[in-house]
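Worksheet for the structure shown next.
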Amino acid sequence: MNTTVLLISCPDTSGIVADVAGWVSMNGGNIVHAEQHTDHHNQMFFQRVEFTHDGSRDLQFFKTAFGPIAAKFGMTFTLNELPWRPRTGIMVSKTVHCLSDLLTRSRYGDLGLDIQAVVSNHNDSRQLVEAFGYRYEHIAVGDGTNARAEQEKNVADLLDSLNLDLVILARYMLVLPPWFADKWYGRMINIHHSFLPAFIGANPYRQAHDRGVKIIGATAHYVTSDLDEGPIIEQDVARVSHRDDVAELTRRGRDLETVVLARAVRAHVEHRVLVWNNRTVVFG
Amino acid sequence: MNTTVLLISCPDTSGIVADVAGWVSMNGGNIVHAEQHTDHHNQMFFQRVEFTHDGSRDLQFFKTAFGPIAAKFGMTFTLNELPWRPRTGIMVSKTVHCLSDLLTRSRYGDLGLDIQAVVSNHNDSRQLVEAFGYRYEHIAVGDGTNARAEQEKNVADLLDSLNLDLVILARYMLVLPPWFADKWYGRMINIHHSFLPAFIGANPYRQAHDRGVKIIGATAHYVTSDLDEGPIIEQDVARVSHRDDVAELTRRGRDLETVVLARAVRAHVEHRVLVWNNRTVVFG
Amino acid sequence: MNTTVLLISCPDTSGIVADVAGWVSMNGGNIVHAEQHTDHHNQMFFQRVEFTHDGSRDLQFFKTAFGPIAAKFGMTFTLNELPWRPRTGIMVSKTVHCLSDLLTRSRYGDLGLDIQAVVSNHNDSRQLVEAFGYRYEHIAVGDGTNARAEQEKNVADLLDSLNLDLVILARYMLVLPPWFADKWYGRMINIHHSFLPAFIGANPYRQAHDRGVKIIGATAHYVTSDLDEGPIIEQDVARVSHRDDVAELTRRGRDLETVVLARAVRAHVEHRVLVWNNRTVVFG
Amino acid sequence: MNTTVLLISCPDTSGIVADVAGWVSMNGGNIVHAEQHTDHHNQMFFQRVEFTHDGSRDLQFFKTAFGPIAAKFGMTFTLNELPWRPRTGIMVSKTVHCLSDLLTRSRYGDLGLDIQAVVSNHNDSRQLVEAFGYRYEHIAVGDGTNARAEQEKNVADLLDSLNLDLVILARYMLVLPPWFADKWYGRMINIHHSFLPAFIGANPYRQAHDRGVKIIGATAHYVTSDLDEGPIIEQDVARVSHRDDVAELTRRGRDLETVVLARAVRAHVEHRVLVWNNRTVVFG
């Protein structure tokens, strides 16, 4: 059996659930998982419907056939097949824990990424990446006045050339310019090493230590042109104490960053995430 | 608008979701929340559908009208109205933390219990219960050969006389006989002070200490005739260390027991729990 | 046996631990628990030493006898007896969950508070407080130009008259003026309904909802004249999702606030908290 | 400066802390971290003292010099230097997540293991291990009557030949015979995929699913001849629901196993763990 996922956003009204369920049934599909959410404050309706079918109708057919329902309710929708193996680029700077975790999961089956290349402004993780058999591109920031802009251009060109579905910033420490972020909107996931919105910007573990918090966190979010303000996909936290200095917070935070990023990527790859109003609906 | 909850269990097959959604729509309802679960291993389908309607049709009407759908798919189903204020009896022995929490929540709105009486084999919490304005019944175990059986009979008779929907064992420390448990099957919730199935039986905090665990827990479950083996509704845990002796584990466990029981009761009162095969489906 | 707690802060140097241990031993004490912390970044040393003794020497004796050690190392120190039952005032506005929890714990032994009065700008919780047998003072904000200042003065005068060791703001929703906060510095604990420093100020659950966070929190801290910026004693968090609207976040947050405040108060009452540089050292 | 760790177990009595602190001071050491624990139930005292010194005295000197104190109080003690890079063997079967994590941490600095070899009864992870530059030994179970015993003998001989300080069972799925476990007592750490003592033995995720628990866990413990009954070093848990089938529990459990094992190994490597009475004291 083939599996297809329908993601819907539209103004809330009555009858949507029945019409969608009827449409799936009428087109030879069987709903194996459906979850909906109504944002009563904003009068918006969201739904994820996962249905199986015999494959005699393809994605293009479903997209066309769903048109009338979408028009009736003013829906934004996507239709995708499962499992999805997105062509993926990973960007990293010096710390390798998130990168290493993504490589391991991709090679040993937990995350179905089709990794095309790892891009870095440093050369530190080349050996690791090549040991896993993936392409490594070192694009450093040079010395000239426009060095940073040139590096951004080179990275952007490389990503373009790879025909990617997804870019993961696995502790890439250079801030991307707005045009770059805009270009990949909804297809670029970053891991930030704090429980946003606390400790936006640089050195969040230093900030956390100075404020004396008893809990640290990590946040995976879609990248937007507004730094650290993109829609949050996943967060998690760990308890710390006065004994933990900045180095120890950093070390403990690594385990958080690793799993939070992996969970966010997985939700994205399984078409579980809808973005609306700079927030996410993450279906279970 | 009125709100009605439909809970369904049946063998899994195709078309159920569409038929149910169509039925709700046809009968003037609008689905505001729906969640389904398929147990692929056992080929079972479960669904919770919450729908609003104008109240022109009552619960009895819906129960009758749903008959053909239920027959078609071999469904077990319930239909209930929200909010539900179940007539509730609370049973307690000496420790008051769960009891006090339930009283506070019921008086101040978090849990819509219609508390009819608190029953105890001790008299310790009478003042607290009466301060909240509820009836307190002290039914002690006497001295004779049949003292325990007599006490059980007296408690059972009292509960019968109260015409209850729900009984909560809020740290009631006497084991109920099978006939008593069977009688209240699916309507009696107990809090056990361990993360079941670890540490079944008496003195779980002593057992936890002796085994040297680093995490303790609490479990709320429906009572069955098989002690501590009933369907689990909710669990939570807390980190402990070698520093915590049995008294400290007991103290820290109280906060767990309190919230775990309250969450389980709330899920039950909102008709979110389905029991099947000694496990629960708890809809979100 | 009597139990005494010594809390020390001083510049870090060698030999402190040995000298303190020797002093306790020499004065007939036996160390039953000792924990130290060195802030290497700031070159500061902190220690909590709990020792038992036969009671033939009183607190005043120990304070005098410790003078030379304190002078040698430039120490700030306190000496206190355990258990401590601080004369406590509780301030509350309308929501009762923290208040009710503190009352229950104080009556049933988990927290050794000697509650002198509950003060509120509303009258909502009078019945609850009086049912527990405590004094309730309703000090409302009046209508005049200086109504707020007058109310603050009246509350301050009442607290003064009660000869208190500790004031707990158990969801007191009026911001205290700096002179009030300064007066109670280190002796007034507040519960804030967010994981500070995220969502400072009003309506943190509304802010959390709008930012789309996946985790909410609560923070207990000493009150300072800088709103929501005082030293953090304890924090905890809970996972939420897109399904949780502001009302649901508020409801779920209540359980967090309750336990976080109780834990912070307990740490304070057991002389486990040292404040330095607007951060706390909370000994285990 | 050199750093040395003293670990002590002895019957509880008065004066120990002062004598130990005095001894360190007298021998040119400065205590930078000290933590003690008294098991009042069993009248046992435990302490970890970390002290710096100028290196003019070596470990052997300290061991001899501590003799009189140890004799006075009937102490069992160890003295070790920090950082410690134990010669380590890792045993694994087919699943690689724990192995991959340990390799990454060892290569990139989080855990100071001096990995000598990875031993497996399967050949699946050879490529991964060799990509990291470590030795891989495939010792399969053969076909004869004594195949299992022979394989155990071969593994034991290999471990012996490597002169190891530590063996980590990173999801090694063959039960070791008692003689093997006894031989490595206190120097062999296993990760079990449940929150022990729940779900001892095979297929814990299947057991967890069948019991319908709402929380799963992982446990790192020292291996003893009593299967899954060794002293627990670290545990952690994750929330699950009815939606999670055995495959999903297994997948989610992997992240738990990975971090729980890494934390336990780290505590061991930093000489933070004392075993007594089949329980551990894990100093912070």
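First chain written, first letter: the chains are A, B, C and D, and each begins at residue 1.
Convention: contacts are C-beta pairs under 8 Å (C-beta built on N, C-alpha and C of every residue); 3 or more make two chains touch, one makes a residue touch a chain.
Bear in mind that the values here come from a model prediction, so they are computed numbers and not experimental data.
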Specify, for the interface formed by the sequence copies chain B and chain D, whether it is same or different in terms of residue numbers shared by both sides, with half as the dividing line.
same
Angle of the rotation mapping chain C onto its copy chain D, from a C-alpha fit, rounded to a multiple of 5 degrees, please.
180
Tell me which of A-C and A-B has more C-beta pairs in contact.
A-C
What whole-number Å value describes the gap between the mean CA coordinates of chain A and chain B?
38
In whole angstrom, how far does the Cα centroid of chain A sit from the Cα centroid of chain C?
40
By the touch rule stated above, which residues of chain A touch at least two different other chains?
241, 243, 284
Mind listing the chain B positions that touch chain D in their complex?
37, 39-41, 195-199, 210-215, 217, 231-237, 241-243, 245-246, 278-282
Residues of chain D touching chain A in their complex?
96-97, 100-101, 104, 107-108, 110, 128, 131-132, 241, 243, 251, 254-255, 259, 262, 284
Which positions of chain C touch chain D when the two form their complex?
14-15, 17-18, 20-22, 24-25, 30-36, 38, 239, 284
